[in-house]
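Structures are listed in the sections that come next.
What follows is subunit A paired twice: with subunit B in the first complex and subunit C in the second.
Moving on, here comes the complex of A and B:
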């Protein structure tokens, strides 16, 4: 008999772990699923042991806190690391959400819905008889399919990097900001490298500071947005003075120049990166003057894209964040528009690890309350989320991506690296009558390749003249046909 | 004032515009979205003669297959005359399949069990035999539609049809019964004639003119694999069950995978058929069934990864035939919609016949099976009355 958890949490970053812990402390039977072999999500996972001791106080504190939560969670919940989720389905339950899925299950002769009514206790709420099936692929090379069922689902899948294309961005040595963060895992790799950091947003600072501290020769931090330099960095205005000062001190100690209104607009090299063109930008990010900087590594990031494919699969409503990015729409308890499905962290708006954790806690408590557990109100937590959300909005407004980056591109600049689609092909698609990202993709193939538009989706939408839409990916992760074909009898859990 | 306004920049509207322009007419194409953004952007691109029972649709398909071959000369889109292989699970099915092939009167070769791997080296063992149809082909439908609109007519020395995207038709201009143009959210456009090529939304557009067309959505999912380094599937390959599924009236789920390789490397596996309205919610059991059928045909596919799946809504008429021709209930309004799962294949013939009708020529095919008013209950015709799911 298949075990049905009270709550499945996808994502073991700050949001997922905090949510899972709150829910299990309230007495729920919880399972946490993450694709990565280690917990921590985007940020905490990538910090190597030796590196922890070197963090400035505030961040060190953040990591300690996360590890304490993780330890507490491990003894209370089921943990499935190394499990990639490729699909989520909701079956049974209320007519509105359940009919199509139930009919489908019956048509396929699958046993998925047969025991949907096996509720053991008298818990309340509209969510009691609907269940969510989380389809995973466990393991790395020897992957095998596994299905996990639960009565509620918390989606805390975070965000991925948002690069912008420019000539040479496909050269070896050019990394995303997140990719550079991952490099730090083995500090040996970083030491001695000559690195340039470019892009926009507050996360450039920790990346540059981390690289400098790990022994890299950071040749410069080029922030396309900020006009005022470090002294008037928006982090200061937002009351994060200690954090910002910490980074500034590290950069100063390592003599790393920081330039606002500058960006890397081209990368050069035969087979690998040798130097970059740095441009001074006007207010719209059009290059005004350029020079070259020698380096072998470039870390580049223009913000983050929330990973929405799983909530979109379930039909959760989305909304546009302050910068136009689609995010999951949630209420104060982080409930999505689909009963029994909750979302927290960067999927509901990019705002940093602290906010993600607080949102996760709210979600975990709401799930427990909705499932009939006694959860005392915690108004301070809600206020904290409000405050951090306002801070995140201020940062979004301080770091908009300006349209002038399109002037960095040449006709032959690849917009989509997977399918090798140059800018000229995107322009041709527009001449043929493509007026949005989807039709550009249908006519010119950007986003059809391995990463399914995760890297180029934002740029293609901008080039097509629209705000990016929530991604529709019925298959969130590549899955072998043989595994897909053999789903009928999911191995029983527990 | 244009001679013709075409509503819909899908492959059918593009073909209508193309042939009308070639016939010397001044054509404007309107779409509320981009070019090929409707079902044409969610289809697979099979141009099949193999899957049709003898009758009006097969006649249309044969005409169309020839026209696609000719249109491919325009360049600008992939066209692969790769041929289709239909395989039979057992002797009984094989007998039915060969009998069908004999009745169709299209070019084919009966393939005995032992020769199947000459056609498809990776095909699973155990099939009773099959039929090979050399005329079955593949087109990239989105680029084909865009090409037909853009440079299509230039070859014949006439002006190109003009395309206006982002324009929604909201009603019709009338002179008594007669349709004399369209109303849009960007103003009125008077025209000599109007073609309704709105695909799955053709019924809604017809309703704006006060006429009934029972066009319903029939959902289909397609799986796309990672690019393969060496081709595993050489033709379009499907089992005989596909033919009965296509013709089925059932609202329930039916799948019978059509498997094929593409020039860019991925293998396409399509497509399911079910009537669930315009519901986009992912149905894992449907994807699972498609995968199973594909692996049953080509066991080596089991180790390949699916990286993408998508769905679309076929424009479905109760009698599985498209609606083609002038509407006697609203003269001046021509319909070219409701092609269900064959609109890409049937587009050129549809466009060709519509252009003949628009210019007062004698249509090259009898259009009566495709009459727009065949579903009216008070008409005693050959049409089946509308049957709702």
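Moving on, here comes the complex of A and C:
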């Protein structure tokens, strides 16, 4: 008989680890699942032990704290690293059904109930006799299927970079800001020799500072939204002064220019990046003057996209975050609209690692309380979440993506990298009558390739004239057809 | 010692080699195939189906699938999340073809297409002849 855990946590980043630790300290039998070979998620991505780093925290804020939590968790919970989750199903209780087919049906219908409201009523049934089956593939090459069952589920799957398209953005040498950061934090690889950083949001600062400290010649940081110079950066005004000042000092020491209301609007080169066009932007991000900067690497990012495949599969209600991004709707205990399913971290609204950790703790405590454990109230934790949430909202408001980026595109600019769909094809689809992103996708195929719209979904939605919808992906991770076909006879654990 | 190594005080285990189109590329144990290639100055290792455009790392965290690569004859692995192992044979410049689509397909559309073997015309034209065996292997689920 398969073991049934009290709680399965998907994601071993700040939210997942904090939640799992709280739940296990309260006496629950917890399993933590993550696709990566090491814990940390994107923010606390760190070097493998084989690097024998004496100061692994030199590249991170708060890594030591996270690793202490991880060490505490390791002895108390089952840990499944290198396990990619491709589907979750809920069975028993008041669940809709127990097969993958039902899970897919729920995913297809979930879009209709999206945006159900800003908050979920706290009285939503939290205890349930339903169980959740988490379907994973273990290993980065061999891919052994494995199913994990639990009575409650905490979704802490985080977010990925949100790129914007521009001419040449598919040239080798153009990376997402998170990709450049991942190379450094996870492999000690400096993304390039001469690097330009562009995009919007506070994340550009640690990326640029990290690259400069690691020896890259950072030719400039171009913040599309910043109507403030670095000296008046919103981070400084929001209780993160020390952190922001640290980045500013690094950039100053390495003589890295920081330009607000500037952005890279085109990348150039034959087979690899050789230079970029940097534009001064008006308030709506339309270019008003351009110049050329030579570089071999560009790191760019315009915020983050929460990874919502699994909550959408389960039918969890979503809401719009301050910037229009779909996120999972939760109550104060991080309970989703589906009984027994909780969410924390970026999936419930992008707000950074500190907020994610605090939300994870709230979730872990709520799961334990809902499962009958004695959990004393911790009002300071709730207040901390409120304060950090307000800060996150302020940052969203300080760094909106403005519509003028559309003017960066030419007819032949690829909007969808996978299916190589140029802007002209998207426009043609609109001329044929497509008035929403889904119709554009059906006519012109953007978002139908390998990444399933994870990279272009935001841009395609904007070009179709709507806010991006929550993703409907019945399969959250690529899976071999044989594994899909075998679903009627679920693989035994192990 | 290079700056990032000084920064964190790293004294890594001895490097090993992988072969990239027959050329040796050093790997610090624990690095992904993509990180090792990027560090060695190899910025692209795949051509797109339609435009034949070069692609390498983009998202770097396993989301965008631009960095697909063939390792030890296993096609369509994401280089950025595949940890390199001593002796790995990496083959680049493989056209992103039906082979790649067959192995997975993050959605019904792609999966259905590969089952039916109905790749788009542009893809079929670019597909190296020897790839079809791997295609079937992928579909039948190893």
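In this section, the second predicted complex is superposed on the first by the 430 of 494 C-alpha atoms of A that agree within 3 Å, B and C clash if a C-alpha of one lies under 4 Å from a C-alpha of the other, contacts with A are read in each partner's own complex, and residues count from 1 in each chain.
FYI, a contact is a pair of C-beta atoms (placed from the backbone, for glycine too) under 8 Å apart; a residue touches a chain by one contact, two chains touch by 3 or more.
Being a predicted model, the structure only gives us computed values, none of them experimental.
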| item | value |
| --- | --- |
| Subunit B versus subunit C as contact partner of A:452, first or second or both or neither | both |
| Subunit B versus subunit C as contact partner of A:434, first or second or both or neither | first |
| Touched partner set for A:183, first subunit B, second subunit C, both or neither | second |
| First, second, both or neither for A:175, with subunit B first and subunit C second | second |
| Which superposed partner A:474 touches (first subunit B, second subunit C, both, neither) | both |
| Chain touching more of subunit A, residue-wise (subunit B, subunit C) | C |
| First (subunit B), second (subunit C), both or neither touched by A:393 | neither |
| Touching partner for A:280 - first (subunit B), second (subunit C), both, neither | neither |
| First, second, both or neither for A:482, with subunit B first and subunit C second | both |
| Subunit C-contacting residues of subunit A that also contact subunit B | 448-450, 452, 473-475, 478-482, 484-486 |
| Partner subunit A, residues of subunit C touching it in the complex | 2-5, 7-13, 28-32, 35-36, 38-39, 43-44, 48-51, 53-66, 68, 71, 74, 77, 80-83, 100, 102-111, 114-115, 138-142 |
| Footprint of subunit B on subunit A - complex, ascending | 87, 89, 100-101, 103-105, 107-108, 110, 112, 133, 135, 313-315, 419, 431-436, 438-439, 442-443, 445, 448-450, 452, 472-475, 478-482, 484-488 |
| Complex contact set, residues of subunit A against subunit C | 35-37, 42, 47-56, 58-59, 140-141, 143, 160-161, 170-176, 178-180, 182-184, 186-191, 213-215, 271-272, 417-418, 420, 448-452, 454-455, 473-475, 477-486 |
| Interfacial residue positions of subunit B with respect to subunit A in the complex | 9, 31, 33-37, 41, 142-143, 146-147, 149-150, 163, 165-166, 221, 223, 225-227, 252-253, 264, 269, 276, 279-289, 291-292, 294-295, 301-311 |
